[in-house]
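Two complexes follow with chain A in common, the first pairing it with chain B and the second with chain C.
After this line comes the complex of A and B, so read on.
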């Protein structure tokens, strides 16, 4: 599988003959183009049109993040997989309220059930999570009763709210208390980690969508407004609990990230470069971890699971097989 | 991609003999996973073999891999990674021969397996022509199905770039 290149330092990205080249004050480094699937830029980086043209040609997607680690945007090269048929199916399922609800419900169900799975895991390891678990179960059971996107979004928000409050029981570290969900800027260390992780998840899902025939602008749970990518937000809901949140628990638990890894300034809290690197490195490892897939008959990586999720959605849109979200079993 | 009328191409004939589901998917521009190893290998072999021969001519909807003339007669070749699905490849090449014949060119066909350093001759006879007419109709029938034919687990699945799409 092609690699993800993370760039933290400041410098210049070039096309150098038929490869990529990153130049900083302290040195230069070649980026093997055939082996690169996506580039994530955290530092201050300069590049020119020739470089972007080359990325397009090689179908490499580039995501960029602000100094605080928020997702800022993506250079999404021209579509290389075009299927008029699939775009029409995607729109058809968006425009028809009932069909849209059917898909949106599955996204909420997937998010809810994976959240439940995370809670269950820590509950079985002696954390007092009976209450949040019960609430999550109850809320999941109401998903089919709601027949508007707004109501579904509210259920999802509700589940997530109870879940986030359970973080204090799971993490049990006074430096990393949840308090409340705060974004832009996050008000405490834990929220900073959640925001950073979610940003990464959105961009990874977008990269996977680029490799399918789906249009990332047409989401089902998150409203399409034709300006922003939304399908990646939908898909992220399913994977955030089992990939990002579990990663955060383990980073804090193993003291790989501590309160000293944060900077506080007038605009808010940000992760220091070393901690960002640690986070993405561990995320990269996690995405490469494989699990056994029964239907495919061999093991697949977590990253691949995201692609499979998109394939399942395509098959739902084609009317082949109703979409059911991936639910972790442990 | 420019607007095109739906019609049968040589590649579809090749896929028809392997898996009808593939025919449907490809004709709806639902291409397989481009990162798949076998696709890259096939692409590589296509681009890097028979460098001295003229390459790729387009006849109707089909792209013929290599061609040359021998004693004033045209010889066309189809390059394959292996001879494993020889019968499919044979029909694909026969399809090209027929397309040329319909345009007044009588050519000879050669299957090429560069990795195995092997070639095999393909001749268009009446029986094959009749068979191709039938296959063409059958392919069109598949293309016009509202949904793709259900996936069926066959030997080819293991190496197919649609594997994860079909079985996810």
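After this line comes the complex of A and C, so read on.
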């Protein structure tokens, strides 16, 4: 599988000898283009149009993040999988309230059930999670009763709310308490980690969407608007609990990230570079790990799982097979 | 699949071969590159190299491993380049 390049150092990216070249004060490195799928830029990196042209040609996506680690944007190369047909199907399902609800419901169900799975796992490991587990079950059961997007969003928000409060019981570390969800900027350590992880997840989903015929601008649970990509937000909901949250638990549990890894800025809190690298490295490893997929009967990586989800959605939009979200079983 | 590529070509063509290989593989040390490569890209690289080299003078060897599970890699002395994907 093509690799993701993460750039934290400051330097210049070039096209050189028909491949990628990264030059910093301390060193220079050639990066094989043919083995590169996406580039994530965290440092101060310079490049020129020639370089962007080259990325377009090779269909490599470039995501950039601000100094604080927030997702800032993407260089989205020219669409290479143009499919008017798929866009029409996507719009059709968006414009028809009922059809949109069907898809949005599945996204909420996927998110909810994966959250339940995470809670279940820690419950069986002796954490007192009976209460949140019960509430999650109850809320998941009501998904089919709601027939407006706002109501669905509310259910999702409620599930998440109870879930986030269960974090304190799971993590059980006084440095990492949840308090309340705060964003832009996050106000405590745990929120900072959640925000950073979610940003990465959104960009990864976007990269996967680029490799399909789907248009990321048309989401179903998140309303399509003038500003941003939304389909990747929808898909992320399903995978956030099983990829990002579990990663956070293990990073804190293994003391790979401690309270000394944060910087207190004027307003919020941000991660130090070392911790960002550690997070990203572990995430990369996680995405590469393979699991046995029951339906297709072979092992697939977490990253591929995201793509399969998109293929399922395509099938649904074409009317071949109704979409059901991926639910983790472990 | 994982590939280790070593080449011994006439000095005139060293740069050409190196440049081509860098598009697909990570440089390890002089005349040696390695890396994960897809079946299709492997064929592409092989064809491109065949076009560059002269059959009667140069030699390029590909060692391919289906997985790196049973292989290990040990460096004695200097590590000339890293192929980390976090820079």
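Basically, the second predicted complex is superposed on the first by the 328 of 330 C-alpha atoms of A that agree within 3 Å, B and C clash if a C-alpha of one lies under 4 Å from a C-alpha of the other, contacts with A are read in each partner's own complex, and residues count from 1 in each chain.
Quick note on the criterion: a contact is a pair of C-beta atoms (placed from the backbone, for glycine too) under 8 Å apart; a residue touches a chain by one contact, two chains touch by 3 or more.
Note that the structure is a prediction, hence the values are computed from the model and not measured.
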*May I ask you to decide whether A:295 touches chain B, chain C, both, or neither, giving the answer as first, second, both or neither?*
first
*A:35 contacts which: chain B (first), chain C (second), both, neither?*
second
*Does chain B (first) or chain C (second) touch A:211, or do both, or does neither?*
first
*Have a look at where A:263 lands relative to chain B and chain C in the superposition and call it first, second, both or neither.*
neither
*asked:* Going by the contact rule set out at the top, does A:173 touch chain B (first), chain C (second), both, or neither?
replied: neither
*Identify the partner contact of A:17: answer first if only chain B is touched, second if only chain C is, both if each is, neither if none is.*
second
*For chain A, which residues belong to both interfaces, chain B and chain C?*
1
*Across the complex, what residues on chain A touch chain B?*
1-2, 59, 80-86, 211, 213, 295-297, 300, 304, 307-309, 311-312, 314-315, 318-320
*In their shared complex, at which residues does chain A touch chain C?*
1, 3-9, 17-19, 22, 24, 29-30, 32-35, 277, 280-281, 284
*Touching residues on chain B, where the partner in the complex is chain A*: 1, 28-31, 33-35, 146-148, 163-165, 167-168
*Considering the complex alone, what residue numbers of chain C touch chain A?*
19, 22-27, 35-37, 41, 81, 85-87
